[in-house]
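See the structures that follow.
In what follows, chain A forms one complex with chain B and a second complex with chain C.
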Partner chain A sequence: MMKESVIVTKLNIKLQGERKHFQIKLPSDIKSIIGMECSVRMIDAWPVPPAELPREIINPDGIVIVIMPEDDSLVAIKSKFKPSQFVGELRIQSYDLLNWFYVSDVFANDVNLNLCDVSDVFFRVKEHSHGIPKHEEIMTIPGITTLVQGWFLDAIGKQYNLNLRYEVSIYVWIKTED
Partner chain B sequence: MTINLALEYIPKRMEELGHGKNYTLRFRHLVLQAKESQTIDATNQFYYLVEEAEQVRVESDTGVFDLSEKATNEMQYEHQSKIQITNYLAGINHLRFIHVIPKNQEK
Partner chain C sequence: MIKTTKKRFDIRITQANSTVSDTFELDKNIVRILGVLLTSDKDDLLYYRGAQKIEINKEEYFPDNYESKLLMTGINVSPKQRYYDLGGATTGNGRVQITYKDSDDGRTVFAPYRVSLYLDCELEDMK
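Entry: the complex of A and B
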């Protein structure tokens, strides 16, 4: 009988541009790796993106009009939509024939869930209540070796020029014989 | 990694990766000009750094080798794919690799 289980590995990132190498030990009775998944938990507060600047419009008669961000309908829509934050890059390598088998850009939670939200103010849109359920990326990697290795490279700290502390969790779904 | 270690290590590594004995070796000694940066396309090839090179940065998809790098917990001697080499010195620097080129499988 086959059994599925998941191995969780946590990496603590502290420095901007940090590249953390890691190894994940797999059980000796492993048949295959069947999925990969990762998530991010910020320890420090999320960095605040730079504020929008006032926009200048020049009329045909040469008059310059300055529109402040709070009065600008374009900015109002734009500032509500925030692209999901790119946190870093993850690569995982097997020691055998498959070599590098998993490459992924790691993004933080979906920050646009509450965009144009009309629901009750007492039932705020949150990742755990309104988000799309997370699933692993399905794959079949035969378990020849009992160890995989890889690295995670920070991007968010580099982007904001800050030493941000956060935790990256890597979930390796495996199939073993019971 | 010393040359002797690399020569001991490479056959085992090629065996692991399924290339068996189907590969060729070349010794590469790069001469880097002052503050020079260059990129080597090593897709499907392997470059093994055979010294602890100083004042130089070697970065690839496999990892980074840079003795002045503080934001990493491991130095990488095996490099693959696009390799970015940067000389930090204001003078000429040297870098030695063993270049492993897998061959097509023998029929």
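Entry: the complex of A and C
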């Protein structure tokens, strides 16, 4: 009988621009790698991107109205789109024929969940309340290698010019014979 | 006759950076677990701080440090699709163990919270 399971590996990043090399040991009865997933946990306070300035509108009768960015429904949807926080780059390599089989940009969260959500004014859209289920990226990496290796390169620390401490979790889904 | 039922088990996290483990016993007539789901009374703390191991019948389904956010869903997901599909785990001795670990995260401030483990179960109706 075939069995699916997941191996969790954690990397601790401490320095800006740090490149962390790692190896993940796989069980000897492995048949294939069937999925990959990764996520980030910030140990230090999350860096705050520069705030957007409120927009001022002057009415024909001379009254100035200030609209905060989050309440600005007049702004075109595309100008409300913001890039998600890019944390770093992850690459994983197998010792088998497929070699580099997983390359991914790691993002902290999806900051555009509230795009086009009309309820956002009354029920603020957050990942933990409005997020969709997270699933692994499905793939089939056949082979019997019991070791994969790779590296993670920090980007967020470099962007803010800070030594930010955070933890990157890498999930390798595998299929084994029970 | 096979029926489905939902079960809920709670644990309380009262201290930051602590590990809480608990074992729950299922009804004898529950034969399979179709899916799992995690929720909390403080969703943000569970989402950013939580990780857990889940064992059913002493078999590990989610290993240590498997983050809670991967077993959560939001209100944008239809209720029928919220459970993480286990493909029908056999219950065996009927014991479900959760070992939950809370860890600091830069986006949250700790306050005591509840973690609820929901199980989508299949039971054999004896009638």
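Rule of thumb we're sticking to: the second predicted complex is superposed on the first by the 131 of 178 C-alpha atoms of A that agree within 3 Å, B and C clash if a C-alpha of one lies under 4 Å from a C-alpha of the other, contacts with A are read in each partner's own complex, and residues count from 1 in each chain.
As a working rule, contacts are C-beta pairs under 8 Å (C-beta built on N, C-alpha and C of every residue); 3 or more make two chains touch, one makes a residue touch a chain.
Small disclaimer: the values here were computed from a predicted structure and weren't measured.
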item	value
Of chain C and chain B, partner touching more chain A residues	C
Chain B versus chain C as contact partner of A:Pro83, first or second or both or neither	neither
Touched partner set for A:Gly62, first chain B, second chain C, both or neither	neither
First, second, both or neither for A:Arg41, with chain B first and chain C second	second
Which of chain B and chain C A:Lys10 touches, first, second, both or neither	second
First (chain B), second (chain C), both or neither touched by A:Arg91	first
First (chain B), second (chain C), both or neither touched by A:Trp100	first
Shared chain A surface residues [contacts with chain B and with chain C]	none
Complex contact set, residues of chain C against chain A	43-44, 46-48, 60, 62-67, 69-70, 72-77, 81-82, 84, 103-107
Touch list for chain B against partner chain A, complex	16-18, 61-64, 70-74, 76, 80
For the chain A and chain C complex, residues of the former touching the latter	5-8, 10, 37, 39, 41-46, 126-134, 166, 169, 171
Residue ranges of chain A touching chain B (in the complex, touch as defined)	15-21, 91, 93, 95-97, 99-100, 151, 154
